[in-house]
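Labels run A, B and C following the written order; every chain starts at residue 1.
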Amino acid sequence: MSQHYPALIVIVPLLAAFIISVAGWINKKLCFPIAVAAVTVSTGSSIGLLFRVMNEGVVHYRLGGWLPPWGIAYYVDQLNALVLCVVTVAALLNLIAAKKSIEQEFPERIGPFYTLYVLFVTGMVGITVTGDAFNLYVLLEIASITGYALIAMGDKDRAPLASLNYLYMGTIGACFYLLGVGYLYIATGSLNMVDIARILPDLYQSKAVLGAFIICMVGVWIKMAFFPLHGWLPNAYTFAPSASSSLIAPLMTKVMIYVMIRLILTVFTPKFAFATLAISDSIVWLACIAIVMGAIFALAQRDLKKMLTYIIVAEVGYMVGGAWLGNRAGMTGAILHIMNDALMTLCAFLVVGNIVYKVKGYAFDNLKGLFAKMPFTMGAFVIAALSFIGVPPTCGFFSKWYLISGAIQAGHYGFMVALIFSSLVNVVLFFRIIEIGYYEPFSDHHGHDHPAEPMAEAPLTMLVPLYIVAAGLILVGLYTGNIVNHIIRFVIPGSFV
Amino acid sequence: MGDLIQAIVAKYNYWIYITLMMIGLYAMIAKNNLVKKIVGMNIFQTAIILFYVSTGVKRGGTLPIIEHGHGGHSHVIHAADYINPLPHVLMLTAIVVSVATLGVALALAIRIYNRYNTLEEDEILAQIREE
Amino acid sequence: MKTIGLIIAVLTGALLIYATADFPAWGDPHSPASLHVSPYYIEKTIEETAVPNIVTSVLADYRGYDTMYETTVIFSAGVACFLLLRTFRRKEPEERLYRHVLTGVTIHAKRGKLPPSGDFERIDTAWTPPDLIIKTMCRLLIPFIQLFALYVIAHGHHSPGGGFQGGVMLGASVILLAISQDLRTAVRRLGEKVDALLCAAGVFIYAGTGALCLLLGLNFLDYSALVRVLPCDPIMARSHGIFIVEIGVGIAVMATMIWIYCNVSSSGEYDEGL
C-alpha cells in the first residue's frame, strides 16, 4: 500500500466526507469518529510519504495509469511533502480541539459541518500534492467553496456579508489563476507542470508567457491576501465560528504561498522569474509595505481575533518577500516560515477558541484577568506570542533569522528594517494582551469584581491539542537545523546563491 | 497600418472575450447591489469559458466524435480532422464550478436579505454602523 | 468606487490584450495547443478506450481525476446551501391560502389552518390563478424529459452527452414539477432525506470505483483493473468503467440540482417556494 500514499492522502478524506454526510442523517454521533479516522489516515500517509521522499527523492504517481502529459500525474518532492505534513497535522489537531465548540454552536448541523470540514482538508491536501495546473484549480475551488460556507456559519449578523465579500474576491483570484493557466495552455499546449517547464525556455520572450505569469501571480496574491488585495481577510476570519477560523486561518494563506513558490521554482523556472523579468526588487518592496501596513492595522484593533488577522497579513508579507529575495537564505526562510506560521497561527486561534468557549467574547474587555481564570490556555498563548515576536528557541526566531540574513545578503535593507519593525510591533501587541490578562482583575460586567476567581479552564479535549501545538512550536524550533539540512536544502535549485 | 488591421482582424475573438471579462470585472467591483455583483461574477466566468473554448477551433475540423466509430477499426484517424477536445473537457469543469459558486453566493445573499431586508451594500453597511 | 473599478478593469484589459499579441490566430491548426497533447487523445481513443466521443473519454478516463473533483464541487455546493439555509424551527406560517378544488373559490385564513381534506388544497401565498393547462401539460411532459435524460447519460459514449448533461435534465424535470404545481408536491415525490442520500451516493459511486481499482492492484481510477470484476478485456473494461462513473455523476448532479433549488427557493423552510 505504500506506493499508493500520494493517492491515499487525498482519497480517504474524500470518501469519508460522503460517509459523514450520510451519517449526519442517520446517527449524528458517528460523524466525529469517522472524520478523525479519515484525517488520521491522511496524516499517517503524509508522514510516510515524507520519509519516502527523503529516502528516494521525487515521487511520481500516475492517476488512471496514464503517462503525463496525457493523464494527471502527481509530483511529490520535499517541498510538497513538508507542507502536506503540516497541513494534515494541523487539521487533525484542530478537529479534536473543535469538537466541543462545534457541539456548542450548531448542535443540529453537525453532519454537514463535518462534511464540509473534511472536504476543506481534502481541497488543501489536493492543492499541495498535485502536479497538474488545472487539477490545482479544481481543488482550489473545492477548498474555497467549503471555506465560504464554513465561514458564513459564524456570527449571525456579520458573517454572511463577510463570507460574500470573501466569495467575490476569492472567485476573482481563482479565475485569474484559471486565465493564467489558459494563457500557458495556448502558448505551450500542455497542462502538466513539469511538461510546461520543459517547453517554456524557448518561449521566454513571448508576451503570452509574460501575461500568464502576471495574471497567475495576481490571482494567487488575491487568494493569499497580499496587501493591498487583503480586504477580505480580516472580516472573514474574525466573524467565522472558532472551529472554522482555527482551521482556515493557519492553512489557506500558507498553501497559497506554497502554490506561488511552486510556480516560481518549478513551472516558471527561476531563470524566468528572476533573471528575465527583473521585477523581484519591486515585489520585495511591496512585501515591505505589506508587513508595515499589517503591523499598523493590528495596532489599531480593539479585539483579539481581528488583531491576529492583521498579523496574518504581515506574515504573508514575510513569506512573499523572502521568496522573492532570490537567494538561498531568503527562500529557505520563506519555506520554513510556511511551516512555522501555520503552527503559530493554529496555536493562537486555538487559544481564541478556548477563550470564546468559556467567556463568549474576544474583545480586549473580555480578556481581563484571564491568566487567573484560564492559566493553561494563557500559558500556551504566551508561547505563541514569543514565537510571533521571534524569541529563541521558538520556531519564529529561526525563520526570521533566515529571512533577515537573506535580506542582508541581497542588500535589501528595507526588508530587514520592515522585519525588525514588525517584531517590535508584535512585542507591543502581545504584551498589551498579557498585561490586560494578567494584571487587570476579572470582571463580568455586572459592576462587582470577584475577589478570587475560581479556575474555569477549557475542557481537556481542547487543552491537549493546544499543548501539543505549543510544544511543537518549541520542538520545531530546536530541530530547525535538521529540517533545513534534510528537507529544504534539496528543494532550492543550485542556481540560487 | 494594414499590418495592424490584419493583426486585429485575425484575433478578433480574443478582443471580444476580454471586453466581456472586463465588463464582468467592472460590475463586480463597482456595483452596489449584491445580486448585480453576482451577475457580474457570472459574466466574468462565462467570458473565461468562451475564451478557452475558442482556443480549440481548427479550420476544417469537425466535432470531436470519431466517425465510423463503432464497426470497423480500419479507418486511419487524422488529428487534423477533428477539433481540439481538451478545452471542452476543461470547460465542463469550469461551468460546473461556476454554477456551484453561484448557488453558494445566492444562498449567502438570501441570508443577508433575511437579516437586513435590503440588498444594497451601502444600506447594509449603514445598518451595521448603527448597531 | 466606480472610478477605481473602471481603472482596474481598463488596466487588466490592457494587460490581457497586450498578451494576446503572441497568440495564434483563430482556427489555426498549427497552434501549440492543437499539436502537443490533443492529437494523442484523438488518435488513440478508439484503440485504448473504445469510446468514439473523444470529449467523454478524455473527461472520464484520461482526466477522470479532475471530473471526480468536479462532482465533489457540486456536492459541496449542495451541502453548503443546506448548511447555510435550512432551518428546523417549526415556525408556523401566519396566513395560509386555500382553494376549493371543485369551484375554484379561494379562502384566505388569517390565523390557524383548515384540517386536511380532499375538498381544499393549499396554494402559495403569492396567489396564482388556477392553471389546469400548465399542470396537465407538465405532468405529461415530465416522463419524456426523464426518458430523454436517461438516453443522454447512456449514449454519452457515442453522441454529445454524458453524466453532467443528463443529470441536469433529470434535475430539471423535478424542478419543473415544483414550478408547475408547488414545492410541497415535489418534496412529497422526492423527499429531502432521499435526495441528500442520493447526492452522496452518486459521488461515492465515482470515488468508490476509483478506490476499487486501487484495491484491485492498479493505480487510482485505472479502469483496466476492473477486468477482475467484469468479464471483458481491458479496453472494454475502460469503456464500462467510464459508463459506471457517468451514472454516478448523473445521480449526483440530479440530486444536487434539486437540493439547491429546494433550499434556495424556499429560504430553507421547505414550505412555500416559487
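Everything below uses one rule, namely that a residue touches a chain if its C-beta (ideal position, glycine included) is under 8 Å from a C-beta of that chain, and two chains touch if they have at least 3 such contacts.
Please read all numbers here as calculations on a predicted model, not as lab measurements.
Name the chain pair with more contacting C-beta pairs, choosing from A-B and B-C.
B-C
Going by CA means, which chain is nearest the middle of everything shown?
Per-chain C-alpha centroids ranked by distance to the global centroid put A first.
If you average the CA atoms of chain A and of chain C, how far apart do the two points sit, in angstrom?
32
Just the number, please: Cα centre separation of chain A and chain B in whole Å.
29
Please compute the C-alpha centroid of chain B, do the same for chain C, then give the distance between them in whole Å.
About 18 Å, centre to centre.
By the touch rule stated above, which residues of chain B touch at least two different other chains?
Each of 25, 55, 86-87, 90, 93, 97, 100-101, 104, 108, 111 in chain B touches at least two other chains.
Mind pulling the residue numbers of chain C that touch at least two other chains?
In chain C, 16, 20-21, 23, 31, 33-34, 37-38, 41, 63, 66, 70, 73, 76-77, 80, 84 touch at least two other chains.
What are the residues of chain A that contact at least two other chains?
As it turns out, chain A has residues touching two or more other chains at 134, 138, 141, 145, 148-149, 152, 160, 179, 185-186, 191.
Where on chain B does chain A make contact in their complex?
Residues in contact with chain A: 25, 28, 34, 37, 41, 44-45, 48, 51-52, 55, 86-87, 90, 93-94, 97, 100-101, 104-105, 108-109, 111-112, 115, 124, 128, 131.
Can you check the complex and tell me which residues of chain A touch chain B?
134, 138, 141, 145, 148-149, 152, 156-158, 160-161, 163-164, 167-168, 171-172, 175, 178-179, 182, 185-186, 191
Please give the residue numbers of chain B that touch chain C in the complex, ascending.
For this pair, the touching residues of chain B are 7, 10-15, 18-19, 21-23, 25-26, 29-30, 32, 54-61, 63-66, 69-70, 73, 77-80, 82, 84-90, 92-93, 96-97, 99-101, 103-104, 106-108, 110-111, 114.
Name, in rising order, each residue of chain A that touches chain C in their complex.
Going through chain A, the ones touching chain C are 4, 7, 11, 14-15, 17-19, 21-22, 25, 61-66, 69-72, 108-109, 112-113, 115-116, 119, 122, 126, 134-135, 138-139, 141-142, 145-146, 148-149, 152-153, 160, 179, 183, 185-191, 199, 206-208, 210-212, 214-215.
Which chain C residues qualify as touching chain A in the complex?
Residues 15-16, 18-24, 31-38, 40-41, 61-66, 69-70, 72-73, 75-77, 79-80, 82-84, 86, 88, 193, 196-197, 199-201, 203-204, 207-208, 210-211, 214, 218-224.
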